[in-house]
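Chain IDs A, B, C, D and E follow the sequence of writing; residue 1 opens each chain.
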Amino acid sequence: MLLQVDDISLSFGGIKALQNVCFSVKEAELFSIIGPNGAGKTSMLNCISGRYSPDKGSIKFAGEELLGRKTSERPEIGIGRTFQNLALFDHMTVLDNIMVGRHHLLKNNFLTGMAYWFGAQKEELEHRRHVEDIIDFLEIQHIRNAQAGTLSYGLRKRVELARAIALGPKLVLLDEPMAGMNMEEKEDMARFVVDLNQELGMTVIMIEHDMGVVMDISDRVMVLDFGAKVCDGLPEEVMANDHVQKAYLGADFDDEPETASQKEVA
Amino acid sequence: QSETDSIFVGNLVDYTGPTAFVSKFYGPGIKDAVEYINRNGGIDGTTIELEQIDYAYKVPQAIATYKRWTSNGKMVGLQGWGTGDTEALISFVAKDKIPTWSASYSGHLTDPTGINPKTTKPAPYNFFYGPSYSDACRAMVQWAKTDAEEKGIENPKFVHLGDNHPYPNAPKEACAEYATELGLEVLNPIVVPMAPGDFKAQCLTIKDSGANYAFMANLGGSVVSLLKSCKTVGADVTYMANIWGGDYLTIEASGAVDYIFPTASPFWEADAPGMDLVRKMYEEGTSDKSQKPTHHYIRGVCSAFYMKEAMEWAKANGGLTGENIRNGMYAKTDWVPAGLEGVCEPSTWTEKDHRGTTTVSVNKGSLIDGKVQIEKISTVELPRRDDWIGY
Amino acid sequence: MNWFLLTQLLANGLIVGMLYGVVAMCFVLIYKSTQVVNFAQGEFLVLGAWVCLAMVVKAGLPFYVAFPFTLVFMTIFGILIQTVILRPLIGEPIISIIMVTIALSIIMQSVLNWTFGNSSASFPQIFPVENVSLFGLQVETAYIMSLVLSFFVMALFYAFFQYSKYGLAMRATAYDQQAAQSLGVSVGQVFAMSWAISAVVSGIAGIIIGIVSGVSSSLAVIGIKVFPAVIVGGLDSIVGAIVGGVIIGLLENFAEFVDGQYLQWGNLYTIAPFYVLIIILVIKPYGLFGTRDIERI
Amino acid sequence: MGSTALRPCGDFRTTYKTDQYLFQTKVIGWTAAAALAVMILAPVLMSSYVVNLLILVGISGISALGLNVLVGMTGQISLGHAAFYGFGAFSSAYLANNYGVPVLIAIPLAGVMTAIVGMVFGLPAARIKGLYLAIATLASQFILVDFFSRATWFTNGYGVDASKPDFFGIPLDTDEKYFYVVLAWAVISMITVANLKRSRDGRALVAVRDHYLSAEIMGINLTKYRILAFGISSFFAGVAGALYAHYIEFVSVETFSIALSINFLAMIIIGGLGSVPGAFLGAMFIELLPQLVQIISGFLISVGPSVFGIIENGKSYVEQITVGTVIILFLIFEPEGIAHRVGQIRKSIKLYPFSY
Amino acid sequence: MLQVATEPKKAAAMENDILLAVDNIEVVYNEYVLVLRGLSLEVQRGSITALLGANGAGKSTTLKAISGLLKSEDGKITRGDIKFDGQIISNQEPDTTVRAGVSQVMEGRRIIQDMTALENLKLGAFTRKDRANIADDIDLVYSYFPRLKERTGLAGYLSGGEQQMLAIGRAMMARPKLILMDEPSMGLSPLLVKEVFGIIKKLNRDFGVTILLVEQNAAMALSCASHGYIMENGKVVLDGTAAELRENEDIKEFYLGGSGERKSFKNIKSFKRRKRWL
């Protein structure tokens, strides 16, 4: 078990964002979390990456207790993530954004950095090489020097992924990586995620609303609703769950009204 | 060198900064005087080219301006202004040999040789017309002592009011020392900010302290606010001001009653022999005439005229160089510039002692029925004690 | 311990603090609707005071006529400042706009000095009784006015921001100009409105301060002086502004007491609010009533 | 897709190293070299008035550059920079006067001392952000200035003398000689800050500014970098203050007011937030503008005293108003600063003759 | 059947029915980044029109150009013009455009986080004069999105999907003639996507609101739209009725996810050249 989440609860005022959630993720697994909006998926990732501290419970990463660890130390242990609502450094170039991901791996500090030519440069260039590989991998060469803030939504999502990869994590948490993409781009993204998992050997926890993608690429799926775990298991098992069908997929939502314009055209 | 038909004098003024309140009168005094001098033959034919620069009481700005003036090597004299910039320029003017007449009357500017142990930096090229801040304050204290005796106040108490700032601090220690010497009880000084505001808190403290005489070392709006606040609070204290803090405008704005302040020149309406000349200069001058001049204007005139006569001496004794002009300042004793009799106090500068005058007029002013009434109530002649040089 | 002096000082602090609160509200108003900290606030006060004084003294108008005229003048002035100077900067970095208010204060300081002179001047007696006794302390009548005023303005603002359509629009604009625009809010108009309101309240506060301390251009420093009040209360809280003002007022006077009676430190009066400010901020980073940023990711 | 970032033809970079160069194109490199050459020759070529102004611009520029690390890079607005500048000035004078430390060594030492003080005053930044922090720095301004007027052992209470430096026995006592001291420090500070920007900790600072929540999750210790920014910024403020002290030769307590703090802020906003040359361009703008306005108004008055009689009377006001107006106009037309405008011009030149 | 949009259709007879006409516009950001290069499109009154395209094609830019929000991003329409209801609205202040009857649901929701959901809705009605009906409309929005009523805290603490609902509801509050929707389904659960599209249709049918819909979920978008445009690189490259587009092979391949049978994402390993229409 790479990640062992035990009995996590989290509440904000009256809202119970998470209630006694337990699950575990194996090494090199591609694990998806699905659930209705507001179910607490993002909150779960926030607990793992240190943004929120749960009210109770424990999270063990590679056997070590995570809670109590400083947020900024978690990349060192091997946890990286992307964000649902885009959290890039808007005024930095794409390249610098990704270089920030290397922060915990770089050794130069402000003194050596200011001197630059005595050592720091060599190190910077080494890591730059690594970052360029990531850029190639995600096919974002053409925007390497663009300011992240001016990019379109979809491209920003991709830069986010690049930055998370640059952390060199063992476990990468992806929060809706494919939101706002068309089918073709989703395919690309799915391919990247699968590659991450299979070629770079990273363990992935992914939140995604596109069932096509989730069912296809995940090894296991967990469903959250109202902060509580509904079930987890193989994609097919989860899909078969009644609650999931009703509350999440909306199976019996079929009485679509016809629009005025369609009537006309028809 | 004296062949040139004009010499350059820089003049730092503050028309927009925190001390504009008084610089607006002192500066025109210099300007009108120099224009008058130029119209009437200049320095034996040499005209004075005066440039006034408003540095808004900012020291770096003053220094930049000074450097600009000295860069072409033409400046032979400087009419300075505030405490900060004058102190900052001490070593510059000493090195460049540029005699400086400032409107900062800090005690340590009177020590050209560094004779006083407290002097950190001798000021061989610095002059000013009038009593030093310390001397003016000493005169106030001395007056307070006699006043207390007359009124039968036993054990009179004295307090210094002012910001923790070089200008109000300048006379603080010297004055307190003399007050103690005279047998006044000196209370802990009370800090009053330089900027105006509501000072009832300070006034309550003053009232509570039981002070009889308070020396206000600030100027302008701060003094006005303080007087107003204390009036509301109802502290029964005699307020005494610094030379820059006492003029009819302050009295008018604050509605002060029995306000004691020092001067080193007569008032505008006074009929001293030299006042006609001053009024003529003013009438003919080009400076703003929207407001009646205060006595600060007259000190500006005196400052310009001492400079003028020192220059005349220099021109006759080797040429118009800074060094000669400085020596010109030592040439006379009990010196009153020609035509300004009764306007400028007789002054003497020597190589060891730059206290021009130690005579202080003490005045009392009140606002009665919307009219400012000022009377001179005494003249204090302070001894020229050696231990007071530069202090 | 000198209880008498202490109570007198504290009473004074309370009253002076109310006025700080009114000035602080002017800041808060601008901040709440434009995210800008107005460094020309002090000059706004002085402008109001001078204009009213000029009408009373130079034009010889009675105070109760000059006062409303001043407020009209301030309204126009606020709108003018916004349309001419600040409108072109809508959507630009906040810090640039703050810089513009600094430049504005430089300009206003000069214009005020030029037109009204550098000297201090006083209002003629305005209220039949100049001072009244409150808790055994002599207090200027103008302060009593400001006391009433501050509660009135505070209630008004509170209701305005909470319930009125323009109040909502102002808050929305401050939070996200683009989103507000997309809802049909004219950012320019909203900003003009808040500058006008702030100018009017500044005018009133300026007149009160002028009556109490005399009018002079250097009175503008009060603009900087109330920063601690604004921050202690919370930058965007109307109620906080008043509370912050009172706290700073009390604090100043308490510092004066401690200093005068025990420490003899010098200007604790001026400096103490700043020490306390830092302490309060470290404990409550958004002041006492400021809304905290939503830090979601 | 993505038309933004296509590099124009003619700018080929073949290694990552060249891509990291301080001077991104040859033109910039040559411009910098030419500027440096002009500066080196300045004392020979120009009048001492100009040299004096250049020294002041250089000193303010170093200080502004420090502030730019704090405000421009890290996004922490400081209204107390002048106090740190002042602390540097007094420290250097203190070291030189009381311990006989050679001035050229006292200057960086003063920088270090100021950095420590800066970090202490930066401690609240661990919790306070944005304008709240800005006002907290205003508090440090007041507290430090109060300290200056109180600590007579350090400042005499009103000011202290500072001597001109010696360079291996050569006294650097004229403006022309002192100019090189300032120039050296200006170059050093520009290079080090430019280096900082392209290395790990510089990026971390900018990341903290742009999105501190995600920066933290990317492994950046927020508290450390927020305080570090205060340290670096105060170091340069301290050095600049020390340079100022030994140039002016007298450090006055009155100098380090909020007005000066605001001036420094104006420099970087006008120069361009976060830009290294911008700090110096902004310093030039703010330092020279009043001088220029003064010269122009003096000229106008000398040309037509009758026409400009009004100006004559309120000359200083007209000057102040002009300075304020120029700043406002400048910000209306270029709210992001000189450096940004230069960048825009560069981009359109690159694309010439096509407008986009 | 399919037309290439380089020659904008100008059927004079239909002129009257065209609510929005974008005519050959060019948009530049920051004075040097050219994003739209001669884009034209038309939206018929009472229709739902879909605008599809890859990331970075310029869809959001198009919407911002119409609503006037471009200005606040340093963007400008440098050529061509936009007509709404017969009036030219290019480069107009956004509030004027809103008053004219255009609402926008911005990308990324952009709700005012430090106000409550209710306040956000009230704000949506900012331009309206008929104060009396506002309360009714709020109830209407609540009936569409019941869970908004339950959330009384600050909107910033709503979950992503809830915020999206709020954004749509807020746009409705202005009672616009035309709503510009930028990716309304982004980040919504499948159930909610269906709901949202249902609501879009309902809006269109019950209130006759015209909708210009930018969507990545092409299948959904084309299922409710009557007409569609495909954008690429700042231009319209393909347009037609929704039915036509649904049948187009390329669209099937790149937007709808294969022709009928579900594609397996797991097996897409090799680099795939994209077909482009340019």
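As a convention for this text, a contact is a pair of C-beta atoms (placed from the backbone, for glycine too) under 8 Å apart; a residue touches a chain by one contact, two chains touch by 3 or more.
Since this is a predicted model, take the numbers as computed values, not measurements.
Enquirer: Hopping along touching chains only, can you work out the least number of steps from subunit C to subunit E?
Expert: 1
Enquirer: Taking contact as defined at the start, I'd like the list of chains shared as neighbours by subunit D and subunit E.
Expert: Shared contacts of subunit D and subunit E: A, C.
Enquirer: What pair of chains has the most C-beta pairs in contact?
Expert: Top-ranked chain pair by contact count is A-E.
Enquirer: Quick one: which chain's Cα centre is the longest way from subunit D's?
Expert: Taking each chain's C-alpha mean as its centre, the farthest from subunit D is E.
Enquirer: Could you work out how far the Cα centre of subunit A sits from that of subunit E, in whole Å?
Expert: Measuring from centre to centre gives 27 Å for this pair.
Enquirer: Could you put a whole-Å number on the gap between the CA centroids of subunit B and subunit E?
Expert: For subunit B versus subunit E, the centre distance works out to 75 Å.
Enquirer: How many angstrom between the C-alpha centroids of subunit B and subunit A?
Expert: Using C-alpha averages as centres, the distance is 73 Å.
Enquirer: Cα centroid separation between subunit B and subunit D, in whole Å?
Expert: Going by mean C-alpha positions, subunit B sits 37 Å from subunit D.
Enquirer: Touching two or more other chains, which residues of subunit B qualify?
Expert: As it turns out, subunit B has residues touching two or more other chains at 15-16, 164.
Enquirer: List, in ascending order, every residue of subunit A touching at least 2 other chains.
Expert: Subunit A, residues with two or more chain partners: 51, 83-85, 87, 150-151, 155.
Enquirer: Where in subunit C do residues touch two or more other chains at once?
Expert: Residues 109-110, 113, 266-267, 270, 296-297 of subunit C touch two or more partner chains.
Enquirer: For this structure, give each pair of chains that are touching.
Expert: Here the touching chain pairs work out to A-C, A-D, A-E, B-C, B-D, C-D, C-E, D-E.
Enquirer: Tell me, which parts of subunit E touch subunit C in their complex?
Expert: 67-69, 71-73, 93-95, 98-99, 103-104, 106, 110-115, 119, 122-124, 126-127, 154, 156-157, 170, 174
Enquirer: Touching residues of subunit D toward subunit A in the complex: what are they?
Expert: Listed in rising order, the residues are 1-2, 4-7, 16-17, 19-20, 192-193, 195-196, 198-204, 206-207, 209-211, 213-222, 228, 232, 274.
Enquirer: Quick check on the complex: what are the subunit E residues that touch subunit D?
Expert: Result: residues 28, 30-35, 54-57, 233-234 of subunit E touch subunit D.
Enquirer: Could you list, by residue number, the parts of subunit A that touch subunit C in their complex?
Expert: Against subunit C, subunit A makes touches at 46, 51, 83-85, 87.
Enquirer: Show me the residue ranges of subunit B that touch subunit D in the complex, using the header's touch definition.
Expert: Of all residues in subunit B, those touching subunit D are 15-16, 51, 53-54, 56-61, 63-64, 67-68, 70-72, 83-84, 87-92, 120-121, 164-166, 169, 286, 288.
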